[in-house]
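Heads up, there are several structures right after this.
First subunit A sits with subunit B, and in the next complex the same chain sits with subunit C.
Entry: the complex of A and B
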């Protein structure tokens, strides 16, 4: 059975046969990818698809509940919540993606150097990473953001610091085992430089594992970013639309019964995290069949 | 003939939790230009350590205590890491035992061969590719194989690719560490044939490390017999097989199964390989040697020269 339409991206990239998902993990992966694609494209296309300007005051009556005209209701200032939801993922996704990329690059490089060369370098980097790892993530992010001040770049730095040790530990562990593979020794016997061995022989072999951690890391970074915004250390200030910010604003009205102000941002944060987590977890299970058997 | 590689008094020890393993102890021999030198011995006698020492690829817990490895007069053990790297693959290269795990699973066959050229500042990639395809063809792999991944090749094909990478830069010395052990007998014969042709064609010296006397008998010119980290006998292959001098060599040859009807029962060497942490005193073979006398457990046997052959045994001392 051919699962692909005749002209699709997959065909352009040379994938000619793709079967429909069979195992549960493959369905999870598909579900995760679809969720992520929908939410990402919604955020990117926000200027086109949002019905109102998200910061427009009194686009509707103040605090009106969900209705056909305002599907997600309006807030105290009459801003349309649907438009705010559509716009509100932009910073969140950008910040969590950038910080995941930053921590992936730094963590993987450190892990590669540390695991490959071993010895004193390894010990120094390990101690440094372990000391970061010892802190609870959100607390560390709060500390760093509070120190640097809440700007986009600073929040990215603060969040990426949390996840650098995660990449570092995983990459270092894998490098330690792949370093002993015969093909690494064979490459040395042909006169390969350390740089070549690290980037051509070892790194490609652990790339799938990095992809798994990367996806899980984005999921976690979204939560951290939303958390930072919630307590007022985020990169954005009102009235910028942002799920974390709206969550915070809406929370104060919950007790008066204006449930829609907190429900929709909450749902979207959850769905985004779920999407990335599904991708990460199912990739992990599919790439490490041994792990699956053990469970 | 001039030796291309001179190994003198080489001692290599491994640090382990149980103690110091004396993997190579006072090993000396020469490798002449264009010859196939067989290094034979039981498992754990230091054969592979010898290969890795020449390549300077020993694991971190190994230490070269003393000795010289003179390659065209230059002591390899005194070169800087970068100078040594430049020699590896271009002047001295190595063929490994297990062709199944010696390839990066994510790199194409052709790229494996091309890599060697890149490591040694051979920057004309078009020309390198031409040469690589030619070498692979000579090894009996059609040019379409260039774009295959290692898992698409059989063990014998992979071993031929490994040989192709090892000879791409026409090295002067090729160390083949059990190149045929992981292969079936027919493939083994093909690989040996290729090695012999190579030697005739590019004139490299080949150090063939193996525990298989049959392989040695087929293609080697001279043989170094090793026992428990020491050289016990060096000589031409015909002489060693027809008239082994050292009791260990004699035992080894008797222990090879014969197919002829009068072959009779196998005669294994009694005892087992000594522990290299606490090797026997004197001659390391004396606990298993049928001719052992008192002196054997006390003094290390000197090298005795018998018509161009070297035997390390008290029996032949004048």
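Entry: the complex of A and C
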């Protein structure tokens, strides 16, 4: 018999045995992790690796198409697009990571409490969460940001509000089934405190599922953040380099045919989302018990 | 009274609290959260007397519970107020915008649903094959596409380089068909206006492909997952044992049953669709509700913003109600 817990984090990340990936799912996972690492380190190392200052006016001629000297071309004000791309992921990654963490903490806590105690608390929290869940996420984020004003913190709040119910619903559902398990009964019989049971007995069992949702949530939060920026409610203003903002600028001049102004920011947004989505998707396929082969 | 009608009545009654909660949510976001609507409209530095005047006009000088009561009462009467920008009744403006959004979402679904059902069931049936991986990769990538990016690529290729399709708007202003439903496609068919029909369809192609492809990824995933689960059920084995042909097993037995969870998720899909539509409308200058909301935020037309968000809440509640009723018709277990 195998004594490693079926859903331990160690297994998810494959550290029990370091070996090259076998199934296609593991390749997806690896590809996702590599993409995320490359894009994150590019954003962190931006001050070192970017060839120009991303906000330097007329680093090159205005609106020059991609050339050996400016591999991604230059924008209207002659700023080097490659440098702007290298710098442009910073706010996007920061905002979506912070919002995903915030909604994970709040949503999982509410889900634990709601599922574990049940009763009236559960019903009240559920109704609220279901209402937020039913509402179109981006519309809610647009409204909250518009009312609070588009600062970095406010955008983080607006985005995290729309993902809290996702964590809540998943955690609550799992807690409902786990709380009937024998080991929870045993802990209760031994006189363990509610807090101990929730955090030491139940939470570790649902951590892998939270990891899946977290990864997909970052992916979606990036799209939401970029969407807010595209609409004009983002946390950054020109000339700050930002993929969402640069895409918007490029879109405004699209009719004149400056394709490089939309292509590169768009590709980088897509690749970043794809990296996180691949991680979440492959983890789900590998560890979702309903989808596993032997069931 | 039959079980079904009893279920429908109780479901309608439970929609009322949901609508109230959604409306309160909108109220909380717009009024109680820090950030004064008057400051948002006039700016912090506006003279005090102007601020007071506007506060009075919007009814914001009253106690918060009175404001809430009046807000709910007005919505129940169908009074959404008048726009500060155009001075027109907001409900009237929203009706036109809603028609545009509805037209866009219907045509996007016409693209997304077939891809989702055929792609998802094929991938599930041939799980782990090359086809499965190709379909899943398509689903993941289409889901990760940023709508303004995908939209502007299409605009660039078909609108600017090839010059075959229009890149913005719903219809040429000279071709607008006579107003019957507000849906240009339907109106032009009803009035037999072929020119308007062709023009409206040409304007619809790029936005609905954009939204449809992006939505299809999520649909493929849902159908595939449910289909995998359905294919493991005993009745599939039983059907095969009876000698039912493989095609029949997959497309009749398994697909029908895996579409039931699909229907329950339709409410959520519709919310996703409305959110996606807001970005699509901005990209293609499509005069729908999402663009209306964004425009009016930009002009600080506070009553219009509130009206649009309230309408979104009502639509969402209504769609969820309809989905649950349809579900009860299909799956008799729900009724009891």
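Assorted remarks:
Rule of thumb we're sticking to: the second predicted complex is superposed on the first by the 272 of 295 C-alpha atoms of A that agree within 3 Å, B and C clash if a C-alpha of one lies under 4 Å from a C-alpha of the other, contacts with A are read in each partner's own complex, and residues count from 1 in each chain.
As a working rule, a contact is a pair of C-beta atoms (placed from the backbone, for glycine too) under 8 Å apart; a residue touches a chain by one contact, two chains touch by 3 or more.
Remember, predicted model here, so these are calculated numbers, not experimental data.
In the model built by aligning both structures on subunit A, subunit B fits alongside subunit C without clashing. Using the contact criterion defined above for the overlaid structures, shared-chain residue A:106 touches neither subunit B nor subunit C, since it reaches no partner. When the two complexes are superposed, the chain touching more residues of subunit A, out of subunit B and subunit C, is C.
Legend: residue contacts after superposition of the two complexes on their common chain; A:211 is shown touching neither subunit B nor subunit C. Of the two partner chains, neither subunit B nor subunit C is touched by A:94. Contacts of A:147 after superposition on the shared chain: subunit C is touched, whereas subunit B is not.
When the shared chain is aligned, subunit C comes close enough to touch A:137, but subunit B does not.
Looking at the shared chain after the overlay, A:176 reaches neither subunit B nor subunit C. Once chain A of one complex is fitted onto chain A of the other, the partner contacts of A:189 are limited to subunit B, with no touch recorded for subunit C.
In the superposition on chain A, A:30 contacts neither subunit B nor subunit C. Of all Cα pairs linking subunit B with subunit C in the superposition, the shortest spans 13 Å. Subunit A contributes residues 24, 127-128, 130-140, 142-144, 146-149, 219, 223, 226-227, 230-233, 247-248, 250-251, 254-255, 257, 259, 262-263, 265-266, 269-270, 273-274, 277-278, 281, 290-291, 295 to its touches with subunit C in the complex. Looking at the complex, you find that subunit A touches subunit B at residues 118, 181-183, 185-193, 196, 200-201, 204-205.
Subunit C contributes residues 17-18, 21-22, 25-26, 29-30, 33-35, 37, 40, 128, 133, 136, 140-141, 143-150, 152-153, 155-156, 160-161, 167, 225, 228-229, 232, 267-268, 271-272, 274-276, 278-279, 282-283, 290, 293-294, 297-298, 305, 309, 312-313, 316-317, 320 to its touches with subunit A in the complex. Interface residues of subunit B, counted against subunit A in their complex, comprise 55, 57, 60, 85-90, 93-94, 96, 98, 101-107, 115-116, 118-120, 162, 165-166.
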